[in-house]
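Take a look at this one; I'll ask things after.
Letters A, B, C and D mark the chains in the order given here, with residues in each chain numbered from 1 onward.
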């Protein structure tokens, strides 16, 4: 933080200070918008006891799904784990803690964490298991669940383009949770396809302001091919 | 609603069904991003007893500031009324109700109204008059104010470009509250400079999805020249 | 007795019937399975805008083999296309649109649905726990929640008195479409609106665990062609 | 006794001193009045990114006479420019950045500020009630809240024991900059960090209603050039 131009690093450099036990947000929905190179670097580094905050745990052999399969993850906070057989297995065996969050609530909790809100009231999940252990608040005769913010030590996100001051632009619905996570972690590492000059992204169409981004990693390669 | 292509109307046609007593959101911050032509149509129509939800009441002789000066407004919900001498005067004389909302809270309350949240918890205003009459909720030792959603019957907003299915693109910081209000009213009327063909706004850079917009008004003229 | 048709025929019948519920300009979010077949039967002049919860309006057909990108995918992960006039946005906006009542119709499959409009389709305790994904938000926020499902699974009714599985949403379902008929959930309970031409009321009662009343006059299920 | 300088000289002194607090890459939101003068004294190699609460990062200088547009304005309504690398966004994002601690420094003027870090600058009951605008969010959310103010108004101290006017924020102020010195608000109370070269401790006590302790060693206020 506090640097005007953002450092462009290799994936291994970018994750070098992520310690065991870290809480890590990872962008993406299914195979879209996942920072694959950064995940591979986390695997090479062998970071352990991760609390993983991601919409899903992908497949066991892809992206952050591998982190779970490798036993690097202690706890998952997600809306869906159905595609990853190992997440399901470890969870059913009691070897992995999983906190299920409805996807819209997941988005709002991360946004609240990044935007300084103490929580949000949502009607989603009222009358279901999603309300267990949470405070219910009634307003004008309708019940809402009080959901609390999510934050992380590190956010690993994926965008299509960056410029040298860290502004990001996403393509397609690979955007998903990435802009939200960019505000909700102490250190934000963005994996991108290209790094442009300052001002080469139209200021009206910047999706994530550069002040939120700490490090840039240029993948240069293609996204995962499903 | 429910129409694929959005009707393009004159300002007078667009506001024809706005009744006396309506709650109306008006986009803009100071002179930027204000739907001036729609306001002029409201003045011509002489709509009375308006509850006006707008960040500010501009100056007494500009935009929705005129609505207040004309006595068409019963109540104002705003963050700032300092530029409009008549708003201040009517308020001090007890002839106009004003609900002051901190600007960030104002934005979140409108967003909550449009996005189906029951409320949000903000630290803003704790220990000040802004907490009066509101529920305080303590989370992890910090106090937050529970702020409730804002919605309106009509939203009058301003964008730079629309396409024929109602997608909107804003220019500069004239964007301000307009995208939020687009989700938070039963009927949304967008005043724009130009209407483009379907698909002429890059889908990655649509700022307000067209499904939120009901009517389009082409001003064609320049914004107010300050 | 169940209608004497194949499972595939039953699915097509359901998808065709659901397709008739759409009006021009409707915004819809379709789940996997039968719901994803619905668009094949919507007439060309009824323009339905499809939303995917990962952040797109104006979803088009699947990308051609070898084309497309993992940057533009449906909620099931398949590479799709975006139509002219579509848009992309982040997940908080996507679920803001969903939760905020800006989606006209969501069509979902289910494990169970009951006579009070409860739906259970996200987990089977001790067996299958995929998570709720976006389903809880969809059933809470969409203006109309339609369940499109085979009437039975392995002979067991899907429409029950009271869901035994953990709920996805409480009192949220508006209509249920099966190969045997169309039901509406009302404050008075479940109402049978339409019955398939190859089904009798006795058949329906036999394969429906839930209690329901029959609308008078009961209509024949629309769009169903029965041989001979 | 107050320093023997004009009001304009006093304002420049304060703005110059505040400017020394910025580091390269800092993100700042500046209020009207003295705070808006600060940028004139920030060295060229210290790149400060200015935020305006109406939705812009990278605010540049005012637009030239006859140029600019009401679509790009500062928080005071003046037509400004956007620098390369800047960005525009909606008000919920703007205040998300503010409330979420993503703004390093906000500099504000004030009506009153007190020894507990309370600030009152949005209304005078029965007289002037402009509203709080974005001020309550800024003082709550910015990492550092600086007050830049003349030490007195019409002879009355601005730094008081306890604000009598309605608060903008409670216990939020970090530092106070006046033409007489620099104070820090700590959990132990108000601490005088620096004193202007043309001011004595007795002068300061005379014109300060608040109680304060003096840091040892007390430094001379930086950046102040005194004649003779």
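In this section, a residue touches a chain if its C-beta (ideal position, glycine included) is under 8 Å from a C-beta of that chain, and two chains touch if they have at least 3 such contacts.
As the structure is a computational prediction, the values presented were derived from the model and not from experiment.
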Separation of subunit D from subunit C in steps, with touching chains one step apart:
2
Note: subunit C sits from subunit A at a C-alpha centroid distance in Å of 30
Report, in whole Å, the distance between the mean C-alpha point of subunit B and the mean C-alpha point of subunit C.
36
Would you pick out the residues of subunit D that each touch at least 2 other chains?
82, 88-89, 92, 95-96, 98-99, 140-141
Multi-partner residues in subunit A (2 or more other chains touched) are 108, 111, 116-117, 122-123, 170-172, 175, 204
One finds touching chains in the pairs A-B, A-C, A-D, B-C, B-D
Give every residue of subunit B touching subunit D within the complex, in rising order.
29-33, 55-56, 78-83, 88, 91-92, 98, 100, 102-108, 110-111, 122-130, 160, 170-180, 207, 223-226
Note which residues of subunit D are touching subunit B in the complex, please.
52-56, 69-73, 75-77, 79, 82, 88-92, 94-96, 98-99, 126, 128-137, 140-141, 166-171
Contact footprint of subunit D on subunit A as seen in their complex:
1-4, 111, 114-117, 163-165, 167, 183, 198-199, 201, 203-204, 206, 209-212
Within their complex, state which residues of subunit C touch subunit B.
23-27, 47, 49, 57-58, 82, 84-89, 92, 95-102, 104, 140-141
Touching residues of subunit A toward subunit B in the complex: what are they?
108, 112, 116-123, 137, 139, 142, 144, 146, 148, 169-172, 175, 202, 204-205
